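What follows is a pair of complexes built around subunit A, which joins subunit B in one and subunit C in the other.
Up next is the complex of A and B:
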């Protein structure tokens, strides 16, 4: 309760609950009406070109988001143990482990697991893990797997990488045509891209409102409100929801209402949220007037669509996402956020599960501190597995960090 | 003993010493060579050689390493090689890694942050080796890397890079052929010996390795005993910088008759997937210059480059590349059956995701074929008392 007093809830959040519940409930119906309507259900990675699937009337659900749901529902530990008992190492990404656990033990899983898919679609722009995870899923479930290989970019995008991705997209179209029995409707793809772009723009604008002092948004707001941009990107309902959220956020700014009651310190967050401790972790900061005004994680869904015809645009946009780029690029991104949002510090969640996000963070931390003079704190935890969270040591580090910032 | 055998013994000792040294002070020991350090068997050694440099596979040192740039939950291969590089004094002209897993991707960024992008030359092979456009993409990556290596090396010579590539291709092919001959003898030779010789080939100047192995092979043919009656096992895994595991298998009356490790035979194996009949589609060839004058040299360049691409695309897949999971399982099953293994040891370096993922379906597949499989998680490549107990129980179970 004490937490609520220090924290302002968004009115619109009750719509969010309904929206997401509906999204998952609809997925469940595909078992019944998918076949007669020739509509397929896909499991898809968060960085895959969902617009293409939507153009084929494929309904997509996101096992990564489901991993976060399991975690907030406190189911991760048991689900991970189920996967571990089947031989999956404890060092594998906890989204993947808990999701595989939910297939092996639906009785332990929120919503009894995700509805079984007709196909799997993975894009390795976020990590190599998703390829292995989806290979394992294809092997377990005996359903087709489509993979989009977006080469890592040590420097700038290259023409041959873009061409390679484009060719794969074209071949993905052929596979989707065969799987769905539909021809690609290019107009529909264009419409999907336009709607995605509109929703992404709204999400970007909402986030930019947090440049205001005090910030209308804090870390948990960003992490909770990102659900639609991940799961229902490009849907009219998602667009409508973000319009309402934007209006409410603007209202907060007009009234100079911060997300936390007394904002004294402004921080940038790096990496996925610590879902099992989302509120208790943030509380250590809000208690001392520290607000996470922006972050790199939920900001991953704000990239503008690259120009060009729809397929070229998809190829470039999905290859250039930040997790597919060098630490130099990511440090620069952090510096820009610190400057634009007037941050006094940054916190990097060294996330055991997510190696591509985490292994370069120390290099980024040093680089950013050197260039900006703004201090950065590293905290080791895991985005979903509560077993990797050492409460006391995290608290000591956070307190010491905030004290230096206050001094 | 005749003189050639005396020479062969000497050369064998030399190769084994090199294997133990793991490339340490290579630049000092071979002052006439210039070394370029690389990580991962998908880094085309041919390009390094053609640029007048010697490829040197980077391996972790013998002490546990925890460089500040990397968290504890990162594999000891990345931690160890970074720690070695930070010591400086390696005398390397530059380093490069082939993009494989998330960890290697990060290591590339960390290295280039520390040593400068111009000295750290990555290559990003396609992950989906048989995706449309993958070969053309790979070839362009190879061409660009080749140009960067030439710039780094600043070599001046009287012949063209095409000729240099052709020569380098032949050198590497020769090394691979000799390694294949050695691998055939594996069931009849002590396992740590074979593992050490194959590792030496990734640490020594290439032509020196070929010369030594050519001298040693006749001796090995003589040394190769009868089929040993030991437990026949397959070992699969990533990098093994020492022979510790192979030694322990041997101590426990086992024999590694089939090897699928990054630093073992997989590094050398040719044309496994697809094989010679796997034709390269004409539309996959690069469309570069149309200039008829340069057409001849273009053709030779294309052919050597396409050969290089073909080799890396068709070598036995590691878990970081994909032609569909089943391809790798099929290959390993076939290898296990061909060599008549009774058991398989899947050596997984702690925190190595790609190998840990594949271990689950691989164990399932091999066990269906009646091949008992042990997943052995190791911090590095050294095995100790705990592993001994597990290995002993495992090997003894093979007689049942």
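Up next is the complex of A and C:
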């Protein structure tokens, strides 16, 4: 972690560590406090409608975020091998493999794995893999699985799609009522949505501060600071934390303090972070004065709540997320980011694990280059599995790309 | 005392050194296997060229290093092989708009502006398909020398196709063709087409514009050249010594530094 020191550290990051440690500790000791309070624990996908679960007082943890934790803790390789030995193909998502590995071999897993859940909730707005991953979990752990199927949107949202998702949410409510023994409190759901919206707005505003030159945020800042919006969205503590982060980021902008010491090149990042190489990868850019001022990944948690009553709003919001949209939509999103953040280039991480995120990137790259004239680089790697990273070939591409930007 | 400039390209299989004079004219070059220490090999080649041309070490005003081994070589600047390749190719062919380079461990397609400025590029995924190493493995399986591959492939009558991109699987395909009695030229034609197909896909990524220059050690292979030219539908311009273009580009960049 010596490389970490070359970045300008956020003072509030100490609070972030405490906040996330508390979240995972609460999960870990959930059996001591959750049972007496009749509260259930769920494992959920990153795109699941957590506000609904919170209204049922369900405590949610995210195996995907845990996959990233395993990777930064250098545990992924062994956990993946454990899953591969059990028959899970090496071509599967590395979050799924490492998470399944953590169940098979808790002795190899950070925090000895996640606390055992009472239920599983999977929403396929982010990918199709989660369906089979969560089916495997349901089978391994013998717990109920609730699935929310969000149809892919080739164009704009349709009445039909929204209705289809809404009906599933209604039946999910019935299941949750049976599983928790509680009735849905609609006022509570509304409160959860309001708090969620407030936290999302703060995260959006923090990110937009990076439109300043130099940018107060770099890729690793975005990837680290996104933890609360993913894992504790809608909590008062999360809102309080983002208020502090926003104030510190504003202070950086006021003082014209960049995240990196000398910003010469501004880049947009696409796809999940390369967690096992987060700092060494970014260093290749930082050394040459290149800063990742914004990204599509941590920006996935900035969408405003769709209008309508709480259930309608949930149905639309969770169907409209960018990974569930067309290549045209995503190319347009990249173009807007390049323009709004004054970027000189963009970098696409072709992520071996994440097919829906990566498959269309070449189409997006060409389209964006044609429309904006801004060059884009593709690097092949994996979000969690270090075995899919070839240091030298990545370095050659990165150096050549930065040379073309500087020439 | 006249000034001179050196470009060093330490690749995964071979090291190349080019010497240019104060007018930016290439005076001499040398190529050798990079082996265990590409840096030592490149330093030896440099000494040899300097001795041959009667140039003293203190006359070397700048050195630029490129290729995988660039970080190990004591040079004024390290530049990626993509920038160097584009520069060197444009020197030989000023009309070049697309440069296809197939080296030992990687293949790349570079889109360039007049003068050799890079505007886009694509490289092979971390896999040996479509590289010199792939050809070397297949030549080994058929017990022919790498230099013979191209000429033999041109003699093919019935082309055997190699469908696997994985070098190990492709080698077993080659062996199974051989044990089924297929002739070496027929199998080698399939091998050359497989390399060309992989690289054509990269060409498609950056978009093709003529003129198209083909460089790297594999450009010496007539079998791959023919297959590639047919697949992309354009003639390929090949420098007299296609292995040294990146080293020449590095030397020209060193020369450019010396002028300023």
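Heads up, the rule we're going with is that the second predicted complex is superposed on the first by the 401 of 407 C-alpha atoms of A that agree within 3 Å, B and C clash if a C-alpha of one lies under 4 Å from a C-alpha of the other, contacts with A are read in each partner's own complex, and residues count from 1 in each chain.
We take it that a residue touches a chain if its C-beta (ideal position, glycine included) is under 8 Å from a C-beta of that chain, and two chains touch if they have at least 3 such contacts.
Since the model is a prediction, treat every value here as computed from it, not as a measurement.
Q: In the overlay, answer first, second, both or neither for which of subunit B and subunit C A:407 touches.
A: A:407: touches subunit C, not subunit B.
Q: According to the stated criteria, A:151 is in contact with first (subunit B), second (subunit C), both, or neither; which is it?
A: Only subunit B is touched by A:151; subunit C is not.
Q: Going by the contact rule set out at the top, does A:380 touch subunit B (first), subunit C (second), both, or neither?
A: Both partners.
Q: Considering only touches as defined above, state whether A:362 meets subunit B (first), subunit C (second), both or neither.
A: both
Q: Is the number of subunit A residues in contact higher for subunit B or for subunit C?
A: Between subunit B and subunit C, the winner on subunit A residue contacts is B.
Q: Once the shared chain is lined up, is A:397 touching subunit B (first), subunit C (second), both, or neither of them?
A: After superposition on chain A, A:397 lies in contact with subunit C alone.
Q: Hey, what residues of subunit A end up touching subunit B and subunit C alike?
A: Dual-contact residues (subunit A): 362, 380.
Q: Which bits of subunit B are touching subunit A when the two form their complex?
A: 68-71, 73-74, 78, 99-103, 105-110, 112-113, 117, 122, 124, 126-128, 131-134, 136-137, 140-141, 144, 319-320, 322, 324-326, 348, 350-351, 353-354, 356-361, 363, 375, 377
Q: Considering the complex alone, what residue numbers of subunit A touch subunit B?
A: Going by the criterion above, the answer is residues 86-89, 91-93, 124, 127-129, 131-133, 135-136, 138-139, 147, 149, 151-155, 158, 160-161, 163-164, 166-168, 170-171, 326-328, 350, 352, 355-356, 358-363, 367, 380.
Q: Subunit C touches which residues of subunit A in the complex?
A: So the residues of subunit A in touch with subunit C come to 362, 366, 369, 375, 378, 380, 388, 390, 392-393, 396-397, 399-400, 403-404, 407.
Q: Spell out the part of subunit C that touches subunit A in their complex, as residue ranges.
A: Interface residues on subunit C, with respect to subunit A: 68, 78-83, 106, 117-123, 125-126, 205, 207.
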